[in-house]
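Letters are used for the chains, namely A, B, C and D, taken in the order the chains are written, and counting of residues starts over at 1 for each.
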Amino acid sequence: EVENADMSGCEIAANDIVKLTHDKLSTEEVSASVVCPSCGAVSLFIGITRNSFEGKKVVELEYEAYIPMAQSEMKKICWDVRQKWPSVKHIAIHHRLGVVPVSEASVIIAISSPHRSESLEAVKYCIDTLKATVPIWKKEIYETEDCSWKENKECRWAGSREK
Amino acid sequence: EVENADMSGCEIAANDIVKLTHDKLSTEEVSASVVCPSCGAVSLFIGITRNSFEGKKVVELEYEAYIPMAQSEMKKICWDVRQKWPSVKHIAIHHRLGVVPVSEASVIIAISSPHRSESLEAVKYCIDTLKATVPIWKKEIYETEDCSWKENKECRWAGSREK
Amino acid sequence: LLMTTEVVVLYFAKSAELAEVRSENITVSHQVTSLQLWQELVSKHPRLAAIRDQVVLAVRQEYVSLGDELLILHPGDEVAVIPPLSGG
Amino acid sequence: LLMTTEVVVLYFAKSAELAEVRSENITVSHQVTSLQLWQELVSKHPRLAAIRDQVVLAVRQEYVSLGDELLILHPGDEVAVIPPLSGG
């Protein structure tokens, strides 16, 4: 365990929380799970389902995951964050599965650190890397009743049209 | 009004919310106030009162503000964000005043945008600029019963020791 | 003597729609390149050919590109077909 | 003939502790540099001299550094003493 002077007074061990769930995500819950008395900063990113794609109206989205591998890839991201920003204290990544209505959260990432720049940078790294490496898929269902599997441009084996 | 293709379908006008309050801040409330169906991203920063400073145990913190000028400086920050990141949709900045117990939020900033990089960058800009320009002061009260007015290193007229 | 082994294949997203199955057991040779393994899957489910250029495999939950990499497969190993990701 | 005007001075944080007042009305000349205005405040509250190098003023809610900048003050204008900020 690396001791950090800024962590003085925080008795809770550094903690990685990764969660895949069919339930509605709670910003308050994810945020509260990373608060600790030695951390002056919590940064969050919330991914929200949008109402349109290329002019087509999206009615809802459906997510599926290769669950055990997704969890293991999310834990790898946490590990990477701790190598890059050793002062980061707690990391929570919650991803929703199944149907997600428009304007609801599909993913919430929260990270605490003694000072703000680490948590801000680490949250950006987490969401960028999650899109590139975690085996989760999103199908958009349109008003016209057709649907389409999406491809993250961050995924290196996605079609070149999207690069 | 600049029209943006990504904003199609969002009937709510772009909105700046700045708030100074003696009440406890709510992450859920601030986050919900910037959600809109055309925005795929909400980024948040939460500033939390820490339990120690240079080895001294902090019992509580007390904030005071030059309220009308603080509001006007917070609105200037919102204006700057809209010049720098025109696709940003909603901006909410809540700052708490009076006594803030350890582990509670002193400031919450939430920004929504169609894509994530704008809201992530804009949140970082907001908190960096708030620390440098908004007339708010924090007094730390220590276990030893002495206290100290803090100085943000971002404030250009702060003492050189802190630079 | 070519040893064979039975592995579990999982299909996700578009690959599950094309293969019309989410999980199946198949028998393949114990030593096989990732490209040969993919070709085995396409021979069972020809419609998978449509995603040849936008797919990777996962073997025991680790990503493997289609190519010459030699895989040593054990009974019960999990192989997954991974179309372009779209989480987040 | 030197015109004078009455303005409101607000003190915050450490400056309020040093001046032992949060708000007061003072009469100063209608045209004054920001440094002269500060010196006026120090002459009323000598302990303020301690923060001379870490302070700016705000006049009508806009920041003004201590220096040669000439201020035109009107009756009732708000002047504030602004020690180093520590919000956030």
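We take it that contacts are C-beta pairs under 8 Å (C-beta built on N, C-alpha and C of every residue); 3 or more make two chains touch, one makes a residue touch a chain.
Please read these numbers as outputs of a predicted model, since none were measured by experiment.
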Checklist entry - Based on CA centres, what chain would you say lies at the far end from chain D? => result C
Checklist entry - Approximately how many whole Å separate the CA-defined centres of chain B and chain D? => result 27
Checklist entry - For chain A and chain D, what's the span in angstrom between their mean Cα positions? => result 49
Next on the checklist: Rounded to a whole Å, what is the gap between the Cα centroids of chain A and chain B?
Outcome noted: 22
Checklist outcome for this item: For chain B, residue numbers touching 2 or more other chains are 47, 127
Checklist entry - Touching two or more other chains, which residues of chain D qualify? => result none
Checklist entry - What is the shape of the graph in which nodes denote protein chains and edges denote touching chain pairs (line, ring, star, complete, other)? => result line
Next on the checklist: With touch defined as at the top, which chains are paired up in contact here?
Outcome noted: A-B, A-C, B-D
Next on the checklist: Touching residues of chain C toward chain A in the complex: what are they?
Outcome noted: 10, 12-14, 53-56, 58, 61, 65, 80, 82-88
Checklist outcome for this item: Contacts from chain A onto chain B in the complex sit at residues 8-10, 26-28, 31-32, 35-52, 55, 57, 102-103, 112, 114, 116, 120, 123-124, 127
Next on the checklist: Please output the residues of chain A touching chain C within their complex, sorted ascending.
Outcome noted: 47, 63-66, 68-70, 72, 95, 106-107, 127, 130-139, 149-152, 154-155, 157-159, 162
